[in-house]
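Shared between the two complexes below is chain A, which pairs with chain B and chain C, respectively.
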Partner chain A sequence: MDVDLAFGGLVAARLLLAFAPLPEQFKFDHLLSSPLTSNLRLHEGVYLFKNGVDPYSGGIFYQSPLYLSVFSTLLPLNRVSSPVIWTLVDAVSAYALVQTWRARSGVGKSKRDALLAAFYLFNPYLFLPSLAFSTSSISNMLHLLSIMFAARGETSPALFCLAALVHVSLSSILLVLPVIMLILGQPKSGLADPKPISINFKKGRAIGLEFLGHFSVLTLTSTLVSGGFQWMRQTWFVELSLLDLTPNPGLWWYFFTEMFDHFRPFFLMAFSVHLLIYIAPVCIKFQYDPLYAAFILTGVLGTVKAYPTLSDPGLFLTMTSLFPEILPYLRYPVVTSLIHLHASLLLPLFNHLWLSQGTGNANFFYASTLVFGIGNGVALMDCVWAGLRIALGETKEGYDVIQQ
Partner chain B sequence: MSARWGWQVSTLVLFVSLWLLQALANGQTHHEQARDFFNKQGNGNHTNNWAVLVCASRYWFNYRHMANALGMYRTVKRLGIPDSNIILMLADDAACNNRNKFPGNVYANPGQGLDLYGDNIEVDYRGYEVTVENFIRLLTGRVDPSVPRTKRLLTDDRSNIFVYMTGHGGNEFLKFQDNEEISAFDIADAFEQMWQKKRYNEIFFMIDTCQATTMYSKFYSPNILATGSSQLGENSYSYENDRDLGISVIDTYTHYVLEYLEQINKTSQLTMQDLFDIHDPGKMRSTPGVRSNLFSRPLNKALLTDFFGGVSQAEVMAEEDIKSHVMSSIAEKVPRPGAGEKKTKALTPSAVKMVALQEPLSKGDGIPSATARAWTGAGLVGLLVAWVTISATR
Partner chain C sequence: MILTRVLCVLLAVWSVYADPRIESEHFEEDLVIRPLKDGRTSARFSFTTTLENKSPRNPELLGEDDDSQHYTLFPLTLGQILREYAITELHLSLNAGKWNYDTWGMPDEPGVATGGELWAWIGDGAPTSVDRRWQGLRNALAGLFCASLGVMDEQRTTSPSRTFRPEGSLPDWGHAHHLRHAFLPSEHVCTENLTPFYKLLPCKSFSGIATLLNPHKLFDADWHGMSVHVLWKEDVGIQVRLTFQAVLDPVRNSWNNKRDWSLKSLFDRQIAQSCPVSSASQIRVSIPKDQPHLFTPQPSRVDGSYAVFDVSNTADVEMRWHEEASFENPATGKQEPVSALSVRRTLESVNKYRGSLKVAVTNNGGDDMQTTYLETLPWFVQLYLHTLRIECNGTRRGDLLRGATFTPPIPHSRPTLYQSTLTIPARSTVYMTLDVTKAFLRYTEHPPDAQRGWDLPPAVFVPIRTDGEGWDGVERVYTPILLVDLATPDFSMPYNVIIMSSTLITFIFGSIFNLLTRKFIVVKMEGDEKSGDGEEREAGRTGGKGGEL
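On to the complex of A and B.
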């Protein structure tokens, strides 16, 4: 079957699903949207903005002013347009994934492209937040677009998408270095052949300056739209200071509900630095395959981000489809998938028990987020192992691979 | 140089004096208007009512003291004081006592007619929280920061407070919880602190214990009206027993007061003098007393609802009166000397707009409106996308 036809069919199926009479509860679900990505808060912010009230003066709206400007003018949000917009966003993301695969493998159209598109469009971790119209789907789109453009060598679009992504979701700053390395390098698989690479620092500096240029233009636009600088405190600073402690499938919120004020700044710094410390080692180790470095850092983001939704680890799991070469070398894929299955059943169950039925408490939900975190962490570690293991080749008879 | 400055100073003096003149010439200020409104019926200047009802004794056999306090609670609540303005202190739980044959219910008359406890009750201080220290802290407002709002006496200088105390008492003391006592001096000093801190407008103090009138003999702060159930050397007696419960259910003095208050409602014009007229030493088996020397108003002008009820003053104005009222108040607030006619004409449309109050929030006051900014922002992002696309295809 022609790939384009298959792609169109998948997108149409998603559109039908988006228009299906599903329960309204998705928008309220804590797993599918966080305070930084919730569709309800987006509506609230746009409404306040249209009526002349600064949405950043209260504690409700934590999203970028660019969303305010786009959703109050070009793309109105209502019952008909929201499913269409979010399905289009997912379609673009799936397209970007397919294009990245084509750039990496060097193959043109193949049957695998339809599989990749299905893997993105029908991954429950990804399409459920999209049904909840969470803006994490838009972040995923920008994420995949920047990687696609970088893999294809198109500098400016890649940097623009990256700047928009960092602007919208500050923790994605982890991706800046691997994407720049990807622009400077090549997307083809270099896992089997690790070697130190030579970096063109002049070009790298120029790329970095262009990224900063894009970022500052977006920041100035946001300041203009918002009419002040208050928005910086209410968007970027919220992720750093965890102003909102709404439950989410991440690991930060429970820890900080019971944190004494005295220790709060220290632990906030520790958690933020925990995200940043992965950049240098991963990029140095996987310098010969920057796309893999970007993949690993996506996994780090999915596990330890401040306000994750299911989309973030979902993106990591879907991106494993870009690297079929590591699949034989994964040590415990069954364990990982079972932990994920376990967590994905427990998370909504305990959330319901705690908040709707009232027979459970926050510890139940926190335990399920811990299991989810273990699942993500185990998947990440296994992928790192497999990426490194490929370089050693197949095991010979009588020999075993050990780690000293 | 000096001539120029002199010119400016004299202009300033002229403006200021013109403004002062017109302010004085306008007659009443807003404060005076408000005060006249609240003084209209000579009701002593209060704007809100509070009640502090204390039952200071515990144990099952003091059921009647709890019934006293609960009876007062139901009365003031019926007459309009909300739970947020009532501090109910019960030293023991008669309703849920093991010896209560009718669990969850407290009756003030034999025969289980009217339940005082059951539905819709808010006890603020219960059990061991009813102590002398808590009571005085409550009155003076010197509470720990952790004390919740419902346990604070949040009165101001326009509050009328009804303080009712019942329990076992003696010569200038009242027994709390069987292990401590509060003296008349303590309460007097607490009231004086309240006066100094402007925490009350008028206090009505009622006490039903043995030798009750000694408890208010030491007050020295203004605007306090006090009444007690018995004189020095006399006991106050309980009224009647309930055969099923096995104890006395109400005290005599409180019984007659409650019986009298049952007949009034929020619109009642009966006065405190009428209440004190029911004092009958023969019926009540003790001699009640009244102390009114600290009270500034005559007793036949002080309404019962000034203390027992939560009645507020309201005046209904016609719509034309509102508009003219608002416009005249705006004219007062913007005292600009100069061409008077032009100014009032310019003021009128904005005054009418103020009354309408249905327009969306003001736009276009110098800062570009939100939609303009949004379009500009979207346009800028679009330009950037276009530039990026063009430079990529080049």
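On to the complex of A and C.
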């Protein structure tokens, strides 16, 4: 493994942090884990599973049966194992990020590796959920691994990780197309020099079929593990139907708390379909750089998916480090950072005021999620702008780039 | 032809008269009065109507027209409901107040859960499902007793068959019987429930001990509750037992702080005449041990620890502690509890979305004790069983809890059901702690007084007899109900939320599609002029050349 001392040091520091005595409150924090990624519910699911109660027979456990099988046999969850597992998961993610960078930039070992790893391991949006042992760290790992394997042209591992990712977090289905395009294409930056590409549809179809194969195997395994099809309702359907309205930093929960009952199905459909609409335009526009398309869709997920935690926008922000070429073309990076700073202070504060202190009401926290949503949305728009703007290169004095 | 018809009719008439199982009806009434340790007096009225040699309706025949039912004493309105939904066994109780087991002991009627409690054993095999008939039963009883039993929907209904066994027998129709049980802790019993109760009695409140059911006094009591029990006993028939139970405080109402009572002082009424259709009508008074007391008139007989008075020749009963100048409440000092089991249950909230449920069960007896433990919680309070800690005498004792069964809640529909068997060592207390989280409700699911909180149903403990007598099931210990506050959304601005969230999503969506679909061009900036003669470059969608136009 070609990792250097700096990487090891970073991981060791994270491991120390994971063993640090943290307040109990961490595990319950709405910003760090959602009902779909909560460690408390994972423990409960494993406990019920071991004691012969179907965890999917009620509204306690919303995570994949694969987690159940892994954490009830291979990796028992306890005080010692959990920090180690979650630190390792993050280390693998950071490693995948570094490898993706190497594949994209075409350079070998460089000084930038440690910087990228630090960007992942010490991004507060990412390491705080990991300290709360939220399973979003695991889906982030699958996310980055599938991109890494795809960037390196390793088709089967990439498709397997992708299938596992979609399996544990259904909304990640947005990434299927860009990752397949990445396998077919190349990871090098094509942003500055857009060229139409020719897609080998025959190969694409084979890859698509392989993905479906992996996905069906995982589905079948899950069905065998949990002994029925009930888990689909309790994992995928919950993500679509938003049965649990626990607050999170996203945009769905309060909208559907306040929604009139007879409009609920319509808006649920509209919100879910709305996510899918992004796939085609982003993939067509950035066809010459599928890695960038995957990055933009990660940003879409972090902004408007159903049960986001801080780790979803965190992954998007960390992935910007893969694309240093766009940085000069961002229009308002300062504004975006300030909004993020503002939101990251407001979110925990207003959550506390509403739910613990009792001096604020739900609108306080809702307002801060709106600010956070604006921050993520603006960052996303800026990245789309920069990714397209870079193709025009530097402008001369007295000239400006606008959209017609 | 005519001859055969006549023969048929004759045969039918003969078969009816020859049937040895002639149906007949019985009515008995009974009042039990127990002086309690804290000076209060418990009174339990019981009115039993028996429909002899009759069995509940077979659910398989629900699709067909029912045989016509003729009752003389049996309450018709209740009978119709039981036939309509083919209910085999039914228990309804509506209580107000908290039964204090430690000083009052076990109640004469075990169902003393605060608020409403309804449970029924319903046979399967009918064209309509058990749940559908349970729903019909709830609504019919809600209409009959003027209580909001209709809201005991699937969000409150469980099937805790380990705790609530049938008290009578279940007919063998070749189909299983199912239990449906629901608590309604926020329901209150009042006069509007008592009036329909009178109407079910054959003598209403005009004669017999029902005369004493004076709402002014009963609803002034420290604890009061009414219940209806319908059960079938194979060798007896269908039995309807209507009961009213109250804990009255003669000390509070006496001018010289004495606990002496009479029917007149307790109920402000006397029995003018006995109920003519009643086959047995008696007042039983529990005789306190080692306390000098006097009865006026003298009891007609003494049956064990009860002095029995016959209502037909007794208008009033009076009991006096003639050697006691004034009553000193021993319960105010430190005092051994009367009941074998003492239970405390609290919900400690860390904040509006999590807390922990703490249950402390004390065995006051000298022998180890086994009880079943039932916890039914609405779906919005979620238990985390892996966090269960059981402590006894300062050590962790996971082994004390066995045979746990758990039905997880379903959001917006099914409640949690948790049943287990708990062993409590002699003269010690078992502490159980469970983490809970509180769900977030849709704004339409909150009641109008959302800030008040939600009442949680009581936990139930049923001591299991270990002396070889097997299941008893009649002694039940209900914990007091709990109040839980849930986080509330803002109720004033659903439109604003919908508008603002939609705006933000549209803004992001619109901006991104704007960026993705419109052409990028380079324009010359010359003051305010935006002329087309500037240099324009384009980066097209699929490989704009970046060249000059």
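Throughout what follows, the second predicted complex is superposed on the first by the 401 of 404 C-alpha atoms of A that agree within 3 Å, B and C clash if a C-alpha of one lies under 4 Å from a C-alpha of the other, contacts with A are read in each partner's own complex, and residues count from 1 in each chain.
Basically, a contact is a pair of C-beta atoms (placed from the backbone, for glycine too) under 8 Å apart; a residue touches a chain by one contact, two chains touch by 3 or more.
Computed from a predicted model, the values in this text were never measured in an experiment.
Placing chain B and chain C on a common chain A by superposition gives a clash between them. Looking at the shared chain after the overlay, A:Leu115 reaches neither chain B nor chain C. In the superposition on chain A, A:Phe256 makes contact with chain C only, not with chain B. By the touch criterion defined above, A:Val53 lies against chain B and chain C together after alignment on the C-alpha atoms of chain A.
Between chain B and chain C, it is C that contacts the larger number of residues in chain A.
Contact with chain C, but none with chain B, is seen for A:Lys285 once the two complexes are overlaid on the shared chain. The contact surfaces that chain B and chain C form on chain A in the two complexes overlap at residues 51, 53. In the complex of the two chains, the chain A residues touching chain B come out as 49-53, 65-66, 68-70, 72-74, 149, 154-157, 160, 214, 217-218, 221-222, 224-227.
Contact residues of chain B toward chain A in the complex are 360-363, 367, 369-371, 373-378, 380-381, 384-385, 387-389, 391-392.
Chain contact summary for the complex, chain C toward chain A: residues 350-354, 379, 382, 384-386, 404, 406-412, 414, 416, 435, 437, 439-444, 487-490, 493-494, 497-498, 500-502, 504-505, 507-509, 511-526, 534-535, 537, 539-544, 546.
On the chain A side of its complex with chain C, the touching residues are 25, 28, 30, 40, 43-44, 46-48, 51, 53, 55, 57-60, 194-196, 243-247, 251, 253-261, 271, 274, 277-278, 281-282, 284-285, 287-288, 300, 303-304, 354-356, 358, 361-363, 366, 370, 373-374, 377, 380-381, 384-385, 388-389, 391-393, 395, 398-404.
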